[in-house]
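Next come two complexes, and both contain subunit A; in the first it sits with subunit B, in the second with subunit C.
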Partner chain A sequence: MFEPAGPQAHLILQLWHLIAWTCAGVFAAILLVLVAILLRTPRAPMPAAPDLSTTDKAEPGPRRSVATAVVASALLLLALVVASVFTDRAVARMSLVDAVNIELTGHQWWWSARYINGPVSDTFTTANEVHIPVGRPVIFTLKADDVIHSIWVPRLAGKKDLIPGRTASLQLRADEPGVYQGRCAEFCGLEHAFMGLQIVADPADRYEAWAAAQRRPASEPADAQALRGRELFLSQSCAMCHAVQGTTAGAQHGPDLTHVAGRRELAAGTLPNTRENLQAWIADPQKHKPGTNMPSTPLSQADLSALVTYLETLK
Partner chain B sequence: MAYGSNTGLWSWLTTVDHKRIGTLYLFTALTFFMMGGFEAELIRAQLQHPNGRLLGAEVYNQMFTMHGTTMVFLAIMPLSAAFFNFLIPLQIGARDVAFPRLNAFSYWVYLFGGIFMNLSWFVGQAPNGGWFGYAPLTTMAYSPLLNIDFWVLGLQILGVSSLAAAFNFITTIINMRAPGMNLMRMPMFTWMSFVVQFLLVLAFPVITIALVFLQFDRFFGTNFYTIAAGADPLLWQHLFWIFGHPEVYILILPAFGLVSEVLPTFSRKPLFGYPVMVYSGMLIAFLGFGVWAHHMFAVGMGPIADTMFSLATMLIAIPTGVKIFNWIFTMWGGNINFTVSMKFAIALVGLFTIGGISGVMHASPTADLQQTDSYFIVAHFHYVLFGGSMMGIFAGIYYYFPKFSGRMLSEKIGNWHFWLSFVGMNLTFFPMHFSGLAGMPRRIYQYDANQGWDTYNAMSSYGAYLLGFATLFLVYNMLKSWHGGAVAGNDPWGAPSLEWSIPSPPPDYNFAEIPRVSSRYPLWDVKSPELTTDVPHTREGEKRIDVDAAGQHVGGGKAIGNPAGASSGASRPTHVERNHKTAEELGIPMPYPTIKPLFVALFMVTMFSGMLLIHKDKLGLALAVIITSAMLMTGFLYAWLLSPLEPEHH
Partner chain C sequence: MRAAALLSVLAVATALAACEREARRFETTVPSPGASAPESPRVGALQPATPQQGGVKLSTVSQGPYEGNAFAVNQGKRLFRWYNCNGCHAMGGGSIGPALMDDQWKYGSSSSAIFASIMQGRPEGMPSFGGHITDDQAWQIVAYVRSMSGQLRKDVEPSRGDTLSGGEPEVARKPEKPRPADPPPQPPVGSR
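So, the complex of A and B:
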């Protein structure tokens, strides 16, 4: 099983070990008895007469064995239920002091994350890459925009569904810095396979620096090509779906791009975030993620290059 | 011409004989099993390497949806139905099912429903929402094409077939048992089938309601599953799994019944703990209705609900464990004969146990949160459905093929089939435990390399190819043996139950004289009377049984068995006996063959399929098709109901 990196996954792993070894032991015992009986029972020639001596007679030996096995398995099952309940309580009782609050919304097929800590002016939105501070609890408020999704970051916690019209909550904590791969675990349509989510656990100072950078609106482009790119962004269809804080683009139908250049991946884990990939993605998203809601944008090579240059400035 | 000929296409289209309908079920279901298997091979080919490019996202989603739907509704359930049809009347000593024409209707609805659903491939819009079809993904807003329409309508059609058959078998088992066959003398297969029919009757209405809601949402703009209109997003999930979990037992209990026939015969010893086996079957079915939400732990129902469903799920492990222990102790102290059928039955005991035990692992809500919707679950339920249901059905096929056809399946080819299946099945599904634990989610058409999944997926794919190859041995064996196999005789295995007392294949009337039954093992009483003199419940002297091993004997109460006879190779007949006295000669009224159930089924299916035209914006044409079909269906139904079932009794 996954190497746990936080208390939730760790507790579940402990429980899992208990259950798995118990179950493996029970199976080994059953298999042992089965094989022993198969080896020790005499072989019959086909027309052998049936042995009906047991028809109405009690078979005290086997009956005792079966009864013992039933009682033993009932006790083991009960023990597992108890262990499971206690683990569930321990998972639910993780301290939430000084927690980071993130509203995570599932969309077909990407994630938006709104950080709602402190005053409203501190709120910011990002997509598909969620940074969290190491050692501090995180409360995800889970929502869904369209169909049912499920968040699964195996090394940090178990799954939780994101259900349209409902609000759920998932609490976790990462105790070691690192990038934890997450994904949608509930089949949500065509591109369910490419609905990745990265949880990046940073040490406190790096996290604060990152969050501070995320709160800032996009910086003013420095060179002419990037400026032209921004004009294209705002005049073409891009701005109909995407937001870049600090510009007039404020739509929320697609990922917030205010700091898109700082992310590791494009389109929820579809492509690594490089200039070439970004260009290829904008030119023909349907080629890389068929069925994605983003249409191809007919742009000349020069325009495309300018647009990508602009997006590259959105660190 | 009261009875029609027994050969030719027309006789198959018009048959109301439960044995021929069972044979139709068997071959149709095996065909769908091969199709579902082919879909599985494509899935495995796609996943063999990271970033597979064989199938695109859309085709892959259609493939896994149709693989699941086909295997559940078009392969395993009807394979069980083949045995229900063929065996239940024979095992209880009846001449047919209670409603022979309804039985034919069930089959034709199944066939046309299966064809209807698979026609979706030809328009490139096969169902793509998963076999569980979660709303709101399956509503018009997110699935606007015909894919889900085919699925919804197809399942409704198949539900009609299952429900009609279930009522038929319940009536048959309650009313048509031979004199002396009280419930606690019924063969275990009939018992498990009896339990399954109640599961069908209670579970299918729930999915029917869920599907009616979805159908109305999709075709008539209602809002049962529209979140924006205030629908509960979990309504579908609850309804689906209230059906879906009992469905698991609908798939597995018939296989349990089959191995409960096979193990005693080849251990030369009665089933250990018969009454406990009966009660644990009932208990599994009963508890099966109280565990549905263990499919939904990730939605977050709260600790109380989670714990209740967890407890109920753990409880089911107890009667299931009892069954496994009892099978093992059936073999203990016996004399084992390792036929292919026996090997499959023993394989079920081992492999199903793996699936059952990994089921216990999901019963813990907390642990399940790491397992659910991962390949760990895929491994689990394939051990239940392939290691359990299919192994049991294979055991049943090797065991009962002689009764179906009058010919033995080749043991040599059968051994190839068994060992390749056994290795292939474990190679396919065991590594899935590990890919799941390494974090691989279900239903993804591509995955990146270097996540620790590559080796496991390659193993699973090779295993799947081997499994597909193994299945060809079964097909070859059946085709070859249907006419060319060794002649079986009445009772090639020396088995205890009534179906082995009559010729193979049985005459259309099954029993020339309805047998009287005085024990659970009527044939063993007859063939080895010296062994049963001590047995109190068979000590009724000459009166104890009327079963005649030749099926022709109508004499008064004296058992005329052939003790060594039918079971030894030496005295086995050399040709398949087909010149029995006819039912007419014996004065047995037999139902008339009729084509009407076929037409009722056909027009019911065309009526449903007319709805597709609504989404093609051809409302006029749709109405024409639906109304015409409905009128034809009703017409044929009346013609069916107004024509007599069988000649006047003499």
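So, the complex of A and C:
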């Protein structure tokens, strides 16, 4: 949040600074006045009887200093409200010319992203790792599959909720290339903490190359080990929930695995995507992410190795 | 006095029993059947994705571990939709496939009979899911299917769904007494 990488995060940071410094100033002023009053008040000696002389007098009306402070506070609060409204307007008025359209759906506990730009034949789906081009606005259409989620990528934009049965939208732009961490920001069940999202901002040419690669179906396995892995993928329980474009696996209940080997992380930011981690994850997902909807599949060591070899070819 | 003590003991016992109602275990509860389980032939001709060769292993236990666990029954309800059971059985009322919320059971209403129907498949369209879904998930679906006609305890049956659905929740339905299915109607004798 303190290192904004886009125009909206920048505006939000400016507002944050304004509010934080104004409130800090007011707090300091109140403390100073309090200290001054304490110093100025005459101290009575300990054994003296309490001074009750003023108790039967009417309370004095508001003094000028109190009235001034009330008016000043009200004006400051009003100024913060106005600043907030103007920031919100500026955030909402970002130019959306030539925007990239992505439909982002929250699931327990992962994200699916469908790129819906251009003709329908250009549509493709990926999961948990969203690439965007630097300098071009992105319109996320937000949906939820099961419960309420919320997306927050602090270096790019504010939070927005994903609510089942409703469609929200979030616009943002990344002005510098980089990997921006996102999180689910609304408690959504047991593995809420392991519902990470990575937004990868690439320069235009690299983004286009990535998108073109994502549109291609999975490559044909080259060796016998990988072929055996594909056969296992399609004849065991994997194909019941996952999709690999170009094969008969087309279910949408788990992340699309067509290009899983090209991603940095597994299971929505739970594990780095390495061969050992992939193997350990498939062998017992409940050990790494207790409560996840992925069951552990009973496979022999040789079969598991073949399956992982196949998944590693899905670049 | 004595009655009050007895009542409070009863109340505490009931409350403690309720703790187990939604117990979640984060490991596979049912181990896959080993070599000891006999292999049964597949009965359904259909299989999801790429068909597996050979028969299926049925379970050695007669009842799944989930019929008293509300959480697992709800997981079964989710899987019923995920694995497209509702594609043929609708939300229990039946369409291409038979209804599951009534009292008629063509292939048996016991847990192990439903488990076998899911794993082996049945003639005329029920796919064989043996090897394609884990035993653990199959038992969750079995528990949910039994809840559809009120065969489980009231406190375990689902009281709501995650999707829009017009029907009454499982817990509000009248329990049905399972019986064998009616024979299919025969054409009248002598008709052309």
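Note that the second predicted complex is superposed on the first by the 291 of 315 C-alpha atoms of A that agree within 3 Å, B and C clash if a C-alpha of one lies under 4 Å from a C-alpha of the other, contacts with A are read in each partner's own complex, and residues count from 1 in each chain.
We take it that a residue touches a chain if its C-beta (ideal position, glycine included) is under 8 Å from a C-beta of that chain, and two chains touch if they have at least 3 such contacts.
Fair warning: this is a prediction, and the values are worked out from it, not measured in the lab.
A.B. asks: Does subunit B (first) or subunit C (second) touch A:Pro290, or do both, or does neither?
C.D. replies: So A:Pro290 meets both subunit B and subunit C here.
A.B. asks: Please indicate which partner A:Asp146 is in contact with in the superposed arrangement: first for subunit B, second for subunit C, both, or neither.
C.D. replies: A:Asp146 contacts both subunit B and subunit C.
A.B. asks: In the superposed model, does subunit B or subunit C contact more residues of subunit A?
C.D. replies: More residues of subunit A are touched by B.
A.B. asks: Pick one for A:Val97: touches subunit B only (first), subunit C only (second), both, or neither.
C.D. replies: neither
A.B. asks: Is A:Met240 contacted by the first partner subunit B, the second partner subunit C, both or neither?
C.D. replies: second
A.B. asks: For A:Pro42 in the superposed arrangement: first (subunit B), second (subunit C), both or neither?
C.D. replies: first
A.B. asks: Which of the two partners, first being subunit B and second being subunit C, lies in contact with A:Phe27: first, second, both, or neither?
C.D. replies: Touch status of A:Phe27: first partner only.
A.B. asks: Of the partners subunit B and subunit C, which touch A:Val120 in the superposed model: first, second, both, neither?
C.D. replies: neither
A.B. asks: What is the contact status of A:Ala222 with respect to subunit B (first) and subunit C (second): first, second, both, or neither?
C.D. replies: Neither partner.
A.B. asks: Looking at the overlay, what does A:His253 touch: subunit B (first), subunit C (second), both, or neither?
C.D. replies: A:His253 contacts subunit C only, not subunit B.
A.B. asks: What is the shared patch of subunit A, the residues that subunit B and subunit C both contact?
C.D. replies: In the superposed arrangement, which is not itself an observed complex, subunit A uses residues 146, 165, 290-291 for both subunit B and subunit C.
A.B. asks: So in the complex, which bits of subunit C are touching subunit A?
C.D. replies: That would be residues 24, 26-28, 32, 48-52, 78, 82-83, 131-134, 136-137, 162, 164 of subunit C.
A.B. asks: Would you tell me which residues of subunit B are touching subunit A in their complex?
C.D. replies: 56-58, 61, 128-130, 134, 136-137, 141-143, 227-228, 231-234, 266-270, 272-273, 276, 298-300, 303, 306-307, 310-311, 314-315, 317-318, 321-322, 324-326, 328-329, 331-338, 346, 349-350, 353-354, 357-358, 360-361, 363-370, 372-374, 437-439, 441-447, 451, 493-494, 496, 519-521, 524-525, 527-528, 531-532, 534-538, 564, 567-569
A.B. asks: Quick one: in the complex, what on subunit A touches subunit C?
C.D. replies: Residues 146, 165, 231, 234-237, 239-241, 248-249, 251, 253, 286, 290-291, 293, 295-298.
A.B. asks: Could you please specify the touching residues of subunit A with respect to subunit B in the complex?
C.D. replies: For this pair, the touching residues of subunit A are 1-2, 9, 11-12, 15-16, 19-20, 23, 26-27, 30-31, 33-34, 37-38, 41-56, 59, 62-63, 65-66, 69-70, 73-74, 77-78, 80-81, 83-85, 87-89, 91-92, 108, 146-148, 150, 152, 154, 157-161, 163-166, 168-169, 181, 183-194, 290-291.
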